[in-house]
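In order of appearance the chains are A, B and C, and numbering begins at 1 in each one.
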Amino acid sequence: MDKDNIQVRLMKSSKATREDYFGKTICYVCIGLITVLVGCILYFITSRGIATFTQNHVKLGQFLSGTNWNPGMLDSHGNPEVGALPMIVTSFGVTILAALVATPFAIGMAVFMTEISPKRGTKLLQSVTELLVGIPSVVYGFVGLSVIVPTVRHIFGGTGFGILSGTLVLFVMILPTVTSLSVDSLRAVPVHYRQASLALGATRWQTIRKVVLKTATPGILTAIIFGMARAFGEALAVQMVIGNAVLMPTSLVSPSSTLTSQLTTQIGNTVMGTMQNNALWSLALILLLMSLVFNLVVRVIGNWGKHKYES
Amino acid sequence: MKNYNLDETYIINPQKESALSAKQVTVSYGTNHVIHAADLNFPRYKITSLIGASGSGKSTYLRCFNRMNDKIATVGGQIMYRDTDINNPKINVYELRRHIGMVFQRPNPFAKSIRENLTFALKKNGMTDKDELEMRLETSLKGVALWDEVKDKLDQSALALSGGQAQRLCIARSIAMQPDILLLDEPASALDPISTAKLEETLKTLSDQFSIIIVTHNMQQASRISNYTAFLHMGHVIEYDETENVFTNPHVRATEDYISGNFG
Amino acid sequence: MNPKRSNQIATGTIFGLVVIVVLILIGLIGYILFNGVPNISWHFITAEAQAFSAGGGIRDQLFNSLYLLILTLLISFPIALGAGIYLSEYASDNWITNVIRTMIEVLSSLPSVVVGLFGYLLFVIKFGFGFSILAGAIALTFFNLPLLTRQIEESLRTVPNLQREAGMSLGLSSWKTVTGIILPAALPGIITGIILCAGRVFGEAAALIYTAGQSAPVVDYLNFNPLSPTSFLNPMRPAETLAVHIWKLNTEGVTPDAHQISSGASAVLIIVILIFNLGARALGSYTYRKMTATK
């Protein structure tokens, strides 16, 4: 290869530079596609969701606080009956209750797996939790329908459908998620924290409670929020056991309806652009906004956790 | 650490055909300057060592010569290779790296067979002729004295090689591209003494065909294998001379302290 | 209460909690398998579903699930791969990357029913696809993308930087370095990731009810022309999957043996997902061993 040739080639683009350009373009297109997609989802759901308020002139306050849901009908004042409160209450009810029940179990499991159990037991429990994360929600719903609902009916009377059954199904559903995320956060606590505490004569439980769990609090909170987000957005499993009656829940065993269950059962029965349909899209918008809120909370906790480690 | 006058330097200009010459090269990470206006002229078909304490900037300096710092730092000044300033942003770095190869501190064979390790880049550069590929494979492996050890297991994974073998494989991988210049960044630091000795032997042989610039923290190694030695301290080239002179008759106080072990 | 005593009580409580959870898990899986497996027979897997009479099978639903899964992976894998490469190799640490990561997080946390409704709105209605496998596969792609992208990104990140430098130092473009060196080295992780995502896609129902639809029309398994309306390969036909089938049987309740069929179908779902899970591990460690030549 002669000298001038190299100089020329050093200044020229080659196959490699073109490849790089090509590859970069592909990757940018892919990532762009995902970004645009998320933008589209946010835009479309929002634009359909606010039609209730812009086209049908329903007042936001009325929508959020009304307890009568009958989008086709007008009430005595001539306003459409679109009070979403029963569904909002039920959705939050099952989510919060499921998280309350799941948290002690998840923390117990996580502490057992990271601090107490021998390696073998940990491995076994870990694969079982991973498997459970993968069980489809309809299967949870089906088992809930054929085991939990009859049991609840037997004990409390009534139909068996309602918030209690929904809570129990969701509790089992989110347990593996919350557990595995909690395990991660407990594992992230440095070993020397534990050693220092044990060396000072603290018992294992004192070490776990005052050192390990305290340090891992942000991580555990994040795990719980993720579980709640999953519970709040879960549709079919809840829909199968909640009863699907849009009524203000009067007790834990009265049939009611969540935002998701109302959406799945009704959206196919309404015609695009009608009041009934718009009202349902507004429910979808609430779901979307709540999922953004959960995201935000996770971020805030994450930042708090970072500061906590730094200070 | 003692304070040395960093302006007190002794740098010769070897009156030989030059493989590469660096002029006023500076490197900075953001506002943090790590290499200050270093000037060096590297002669052709010789081995030049860059020595210095950890953090003296010798590796960073070496990485400028085939533009491996592009993504992480700002490099100023001129680096002349074949009358072309290769620090020019317009330079085709991929073409450049075929002429100036690099071997790293830790052996990094690809997770492929030994054969693929050597031929992968050649094939991607458009070499399709099987006989030619085989020939390159054999000459490169012979060049690093690895042929006899691996000729029967060319299709086995390169990750099964020992550290020393893997490092020689990496050198073979570089010379298979038939570069002009070979840059080595502490190539023996992860190897045991026997592997190191073999590697040094290999490098000496290779200097007939390649200009070699090697970073090492091992002064004995520098004195054993290199023709020229540059001593770097805090991002400054303090002394550059024929190796023998640097080790027997250093001109600068810092160099003298470093090679006699009184440093820092 | 002295520390020793509270230590014992706490340990006991934790043991108790773990035992309860384990019992629930055993009960859950046991229930599904004990009730379901006896219902699984060759007839069950190969017969058509019956709406109003007993003795129906799940042939079409099972096939639809698999077909949808394959289409979904075909669409989502290339996009996730490109996005994963972007995030691990090209993304610099700036606000744009931050926005992109936030977008992906948002997508991964959206309830699947919302993703399904978006697919319904855009593809089924606006683009006029109708209830179809294609619309279902696209909806599942949306649902699958964030997780798969993250799996691929993480697998790529586990490959040491030295490998990238080695490729670069030989004059290979970064693209060739990534596709020829980094990607093969990350393969075990990527394969595991794909199979785990496959399990999730296979069991998803909420995103499909209003995209792939809730009906399984009679199709001809010998008609290999994807454009023919009766072909089993036609992507524009509605397709009820196994998971949707279970849901529908339990909510409409017109099929007399709904419970048996749901039990059987649930067991089939669980077994397939179990196979995916074990397969992911086995295949991942197999490719890893193969590449690193360790025994």
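In this section, a contact is a pair of C-beta atoms (placed from the backbone, for glycine too) under 8 Å apart; a residue touches a chain by one contact, two chains touch by 3 or more.
Each chain and its UniProt protein: A = Phosphate transport system permease protein; B = Phosphate ABC transporter, ATP-binding protein; C = Phosphate transport system permease protein PstA.
Treat the numbers as computed from the prediction; the structure is a model and nothing was measured.
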Chain separated most widely from subunit B, comparing mean CA positions: A
Pair exhibiting more inter-chain C-beta contacts, B-C or A-B: B-C
Subunit A-subunit C separation of Cα centroids, rounded to whole Å: 17
Rounded Å distance between subunit B and subunit C, as computed from the means of their C-alpha atoms: 48
Centre distance in Å when subunit A and subunit B are each reduced to the mean of their C-alpha atoms: 53
Shared-contact residues (touching 2 or more other chains) in subunit C: 171-173, 176
Per-residue multi-chain contacts in subunit B, two or more chains: 94-96, 125
Subunit A residues counted as touching two or more neighbouring chains: 15-17, 20
Contacting residues of subunit B [partner subunit A, same complex]: 82-84, 86, 90-92, 94-96, 99, 125-126
In the complex with subunit B, residue positions of subunit A that touch it: 3, 6-7, 9-17, 20
List of subunit C residues in touch with subunit A within their complex: 3-4, 6-7, 10-11, 13-18, 20-22, 24-25, 28, 31-32, 78-83, 85-87, 89-90, 99-100, 102-107, 109-115, 117-118, 120-122, 125, 142, 145-146, 149, 171-176, 178-179, 196, 199-200, 202-206, 209-210, 243-244, 246-247, 250-251, 259, 262-263, 266, 269-270, 273-274, 276-277
Complex contacts: residues of subunit A adjacent to subunit C: 15-17, 19-20, 22-24, 26-31, 33-35, 37-42, 44-45, 48, 104-105, 108-109, 111-112, 116, 125, 128, 130-132, 134-139, 141-143, 145-147, 172, 175, 202-206, 208-209, 229, 232-236, 239-240, 260, 263-265, 267-268, 272, 281, 284, 287-288, 291-292, 294-295
Residues of subunit B that touch subunit C when the two form their complex: 66, 68, 94-98, 101-104, 106, 108-112, 120-121, 124-125, 156-157, 159-160, 170, 173-174, 177
